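Next come two complexes built around chain A: one with chain B, the other with chain C.
Our next item is the complex of A and B:
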């Protein structure tokens, strides 16, 4: 095994494959930084070219493109409140407020550092767990996946900024929005109003842009100011960000573990990794009153997890031949065209094992390269915070429209964006928490699907499965622990202030 | 000048004139026809050819489409750029192909038979396309579906008192679903259906987890893997497979319990749409020369040794490539479903708890209103000799006049409209009221292909398609050439790309 690992590492670091890896990373970072360009759309365009390459070069190129998008899309999330991709939505919650406080460099630096660490942890998990992951993944069926989605929804309270009822209502609205379109199980069209555009449902791209990006741009234009509400970014932001990553090392490791695990479970969807990590951080960290107002931990948690999940996602793709996301599905097609057979055979066949370790090495190297490229861009990028609103707002709105159009390539995407943006702006003005809407939208279909499958398969007997009971206990803990902490804090007598 | 000299000059002049005239005619003719000769070959040069996949990325349809797309561009004259685009749902992509895409041969749709033809056969209300009118390039057929099930579950298969075997599926359009239902109905299989898995990969994982005990697949790679690694047993196959000669077909498995008549027709109808596996189609009206180019290049691409190697690796050996003619023949057979067969399928689906067949779309009929009462809330007209009274709802009824949304008050007596309705409690309510504009043609050009008239004070130019526009004159279907200037007809239209095209033209 170690011989194969060494061979894989040596193969990927040869000049030509390394060159393709660098090219792939550059394209992946660039695609990630531009909303609507990166992710599966970019991969789909580049796939035909990659499939013409020698296998080792193609693997290096594709891994470089696929696994670094979440590093690149931090720029727009922090500097413009525009989620660059599905993996960086949660980053907006604290990243943008940090930019407003003049801490953009610190936020970006911390994000890239933990992205690198999280990505390497994901690669290491992939390296160490391939032989043993099959029985572990197989032990999670539809009932257990349903409980995971409920666990995700239970975190809404932590994201509701002290207004749990509003947070719950917002999440319910998000779930309702997710029901629009055809129900695949029964073929029934829901809330389509006989309009073909709505048959495919509302796109997550439109939801995240209209909930976060447009309302922030409206607010910026109304304020007639700049993103940064300070006059100077100051020095030392980059170094401070690096220190933050090590200061909160346990949070980085925990978030990476969450991300890897979410990536491993096919069907949970990689766009929940950052939310799970964010909510988990808010529940478990001390003094979280500044979360949502520019706390660097609110950037560290999602950024560490969304890179770690790439390693997790590759585990099921390689070990089972089962992709957990669209990007992994496209990668699988490419691997098969290179003559690889993802699945149990790949792990046990020495001729293919070498490629497996080349993939792992490529994954780790791409995380380091991507972070390095992004670090070099921090200083010039952070200056965006000082652009006047009349320069920034039109550019960002144009980028948002472009990104929205990539949902279905229809003019109705723009119409939907405008309509949903009104809704997002109303939420902002009325001080309703917006993150629960997105979380409800993302988790809603999964909750419905796994509950349906669980009942169809097991009737109500699924409730008594050991995994379900264990996860139920975890959910109860998640809900009750903050209440217990608050109760204990209230019990501690306050020390009276000393008299003058 | 002498007399002879004069005549000679005149003769020369005449000859030169004739030669010049001939040259002009020949030159003009070549100018007209030469582009036609070269247009077909050079058309795709510098262009982008889009492969629109009617499924999400990563599934069987997407994999097949991308496999072909990878080599297709090399074989199309002009070597256009190939772009692969995913459209989430089969029906949506099919509607788009039929109604929105320009017939210029630059976009081809890739569909799976079950998901795109099944709704047509069942007359689903969401279907707004006619696949028999499409231009076909060809199709790729993987092998027939094999029913795989868990060895340890064998004892439970025929024991109605034991826990049912869980049959996993994405939807119920696939042949394996029909086999499972008919197996339960006629062979007494002890089954329960677990539907709704998002894709085939989720089904494979569910089998690995022990969540389901039975599923179906046509891909040789998957079948071999599950037989070899997971201990699955192939129970039956849809039609004979050379790689599994000992596995009986479902028909043979049924033996003397095989149903006959309408019941067997129902089975054939249920599995029919999937007889066409992954097919490549162009929008109606695509020029024949471009269809021919794509057919030829599709064959060349699928004969390409590089494609054969990749396809064998990805799809497994034994796939076959069907020609355009064979594909169209299969499509035509797949979309025909007799009412009795549909009734039998509905009965079985209800019995086994499967989703109901989609509501049969009530076709729109052309009627002329005798009376319109209460501001458009009540319509009275005669249909098939019967007097009818229809209610029009402000919220549920969709009303258009000359293609534009309109309120109920816009409906007037004497209007000719296309209308369908449904029962709502004890009332009959209009669902769609599509009123035609009454116009008199100022000009009819190019044999009925272009109509010019005034409407609402504006001059309009409408195109009439040979395949998409429905023309009736005196109550009978008529060709475009039957349209003449001065005729007063009721018609409606829709935008198609940057053109406006007539949908229905009803002339007295």
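Our next item is the complex of A and C:
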């Protein structure tokens, strides 16, 4: 095993594969930083070229492209409130307020540091878990996945800025928005208004752009100012961000573990890892009153998890041949075209095991390279915060429109974007929490699917499965812990001001 | 009973959720159960929120001291100016949609960038650079690499078909 691991590492660090890895990482970071360009669309464009390469070169190139998008898209999330991809939506919640306070460099630096650490932890978990992961993942059936998604929804109360009723109502609205289109179970067209465009449902791209990006650009254009509300970014920031990562090392480790686990579970979707990590940080950290107002921990948690999940997603892709996302499905196609056979055979066949370790090495190296590239770009990129609105607003709105158009390549994407943006804008003005809408939208289809599969397969007997009961206890803890904390806080006798 | 303008949005949410439940009740249970269950729950929650907001009670409100994601834009130093700016940007967005329909998305976006930046005081040079950047991005990535099929436009239908025999 160690011989295969060493062979894999040596193969990937040879000049030619390393060159392809660097090229892939550059393209991955670039695609991540430009809204609408990265992710599966970019991978689909590059896949035919990669398939013509030598297997080891193709693997290096594709791992570079696929696994670093979440590092690149931190730029837009922090500097423009535009989630560059589904893995960086939660970063907007604290990253953008940090940019407004003139702490963009610190936020970006911390994000890149923890992205690298998270990505390496994901790779190490992939390395260490291959022999033991099979029985663990198999124990997760649809009832456990249903409870896992309910756990995600139960976290909404913690993300609702002291308005849990609004948060839960907004999340339910997000779930209902996610039901638009054809129901695959029954064939019923839901909320389609006889419009073919809606048959495929509303794209997550449109939801995240209209809930976060456009309302923030409207606010910026309306006040005719700049993103940063301070006069300069100061000299420091980058070093402070690196220190933040080590100052909150346990949060980084916890969030990376959450990200890896979410990535491991097939079908849960990689776009919820950052939300889970954010909500879990908000629940478990002390003094969370500044979350959502520019707390660096609100950047560290999602960024640690969204790169770690790539290692987790590769576990199921390589060990079971089950891709957990569109990108992993495309990667699986490429691996098969290289003559590999992802699944249990790949782990047991010594000839293929060498490639598995090459993939792990490429994954770890990609994270280091991507963070290095992004660090080099922090200083010039952070200046965006001081661009006047008449430069930033038209460019970002144009990129947002292009990004929305990429959802279905229809003019109706832009009409839908504007309609949903009006809704997002009113959410902002009426002080409704916006994050729960996106989380409800992401989790809605999974809640519905896993509930239906559980009932169809086990009737009501699924409720008594041990995994379901354990997750039920976790949900109860999630819901009751904030109340217990509030109760304890109320019990502490108030210290008279004079005594202070 | 104090009914604020922002409570209208809560009423809107209640109506949307109630309408969703009413529509879903006509479908078979497989397709509607999640909407019926969560939607009804949502109506109750949003109504409770409306009651909490409207019923008279002691309020302790503290203005946020730092920028947050939920900071309402009408709390600016000059609310009238901000409100006017809000209408302006919405006008620009709707205008861009109309422009996209008339000249096509690939041309409308650079034109929008150029005209918006120029309208608010950017130099012609800066406007041209910004518009060219967007045009190059559209042409290079979307047109040449992704081979995107651009949606039809009114002027495109009128003239391009004539000249290029499309």
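A few comments on the model shown:
Here is the rule we go by: the second predicted complex is superposed on the first by the 498 of 500 C-alpha atoms of A that agree within 3 Å, B and C clash if a C-alpha of one lies under 4 Å from a C-alpha of the other, contacts with A are read in each partner's own complex, and residues count from 1 in each chain.
Just so we're on the same page, a contact is a pair of C-beta atoms (placed from the backbone, for glycine too) under 8 Å apart; a residue touches a chain by one contact, two chains touch by 3 or more.
Quantities reported herein were computed from a predicted structural model and do not represent experimental measurements.
In the superposition on chain A, contact of A:375 is made with neither chain B nor chain C.
More residues of chain A are in touch with C than with the other of chain B and chain C.
In the overlay built on the shared chain, the residue A:401 is in contact with chain C alone; chain B does not reach it.
By the document's definition of touching, of the two partners only chain B reaches A:199; chain C does not. Of the two partner chains placed by superposition, only chain C is touched by A:415; chain B is not. Looking at the shared chain after the overlay, A:330 reaches chain B, while chain C stays out of its contact range.
Once chain A of one complex is fitted onto chain A of the other, the partner contacts of A:426 are limited to chain C, with no touch recorded for chain B.
Of the two partner chains, chain C is the only one touched by A:96; chain B is not.
Using the contact criterion defined above for the overlaid structures, shared-chain residue A:391 touches chain C, although it does not reach chain B. Once the two complexes are overlaid on the shared chain, A:293 sits against chain C while remaining clear of chain B. Under the contact criterion defined above, the residues of chain A that touch both chain B in one complex and chain C in the other are 45, 185-186, 188, 409, 452. Against chain A, the residues of chain C that register as touching in their complex are 6, 9-10, 12-13, 16-17, 20, 23-24, 27-28, 30-35, 38-39, 41-42, 45-46, 48-49, 52, 64, 66-70, 72-74, 76, 81-83, 85-86, 88-90, 92-94, 96-97, 100-101, 105, 109-110, 112-113, 116-117, 119-122, 126, 130, 133-134, 137-138, 141-142, 145-146, 148-149, 151. For chain A in complex with chain B, the residues that touch the partner chain are 40, 44-45, 47-48, 51, 138-142, 182, 184-189, 194, 196, 199-200, 266-267, 320-323, 326, 328-330, 332-333, 336-337, 339, 343-345, 409, 449, 452-453, 456-457. Within the complex formed with chain C, the chain A residues making contact are 34, 37, 41, 45, 81, 92-93, 96-97, 100-101, 161, 163, 165-166, 168-170, 172-173, 175-176, 179, 183, 185-186, 188, 190-191, 212, 214, 217-219, 221-224, 229, 292-294, 388-391, 393-395, 397-399, 401-402, 405, 409-411, 414-415, 418, 421, 426-435, 444, 447-448, 451-452.
Those residues of chain B that touch chain A in the complex are listed here as 56-59, 62-63, 66-67, 69-70, 82-86, 88-89, 91-92, 95, 124, 126, 128, 166, 170-171, 192-198, 201-202, 204-206, 208-212, 225, 229, 310, 313-314, 355, 358, 398.
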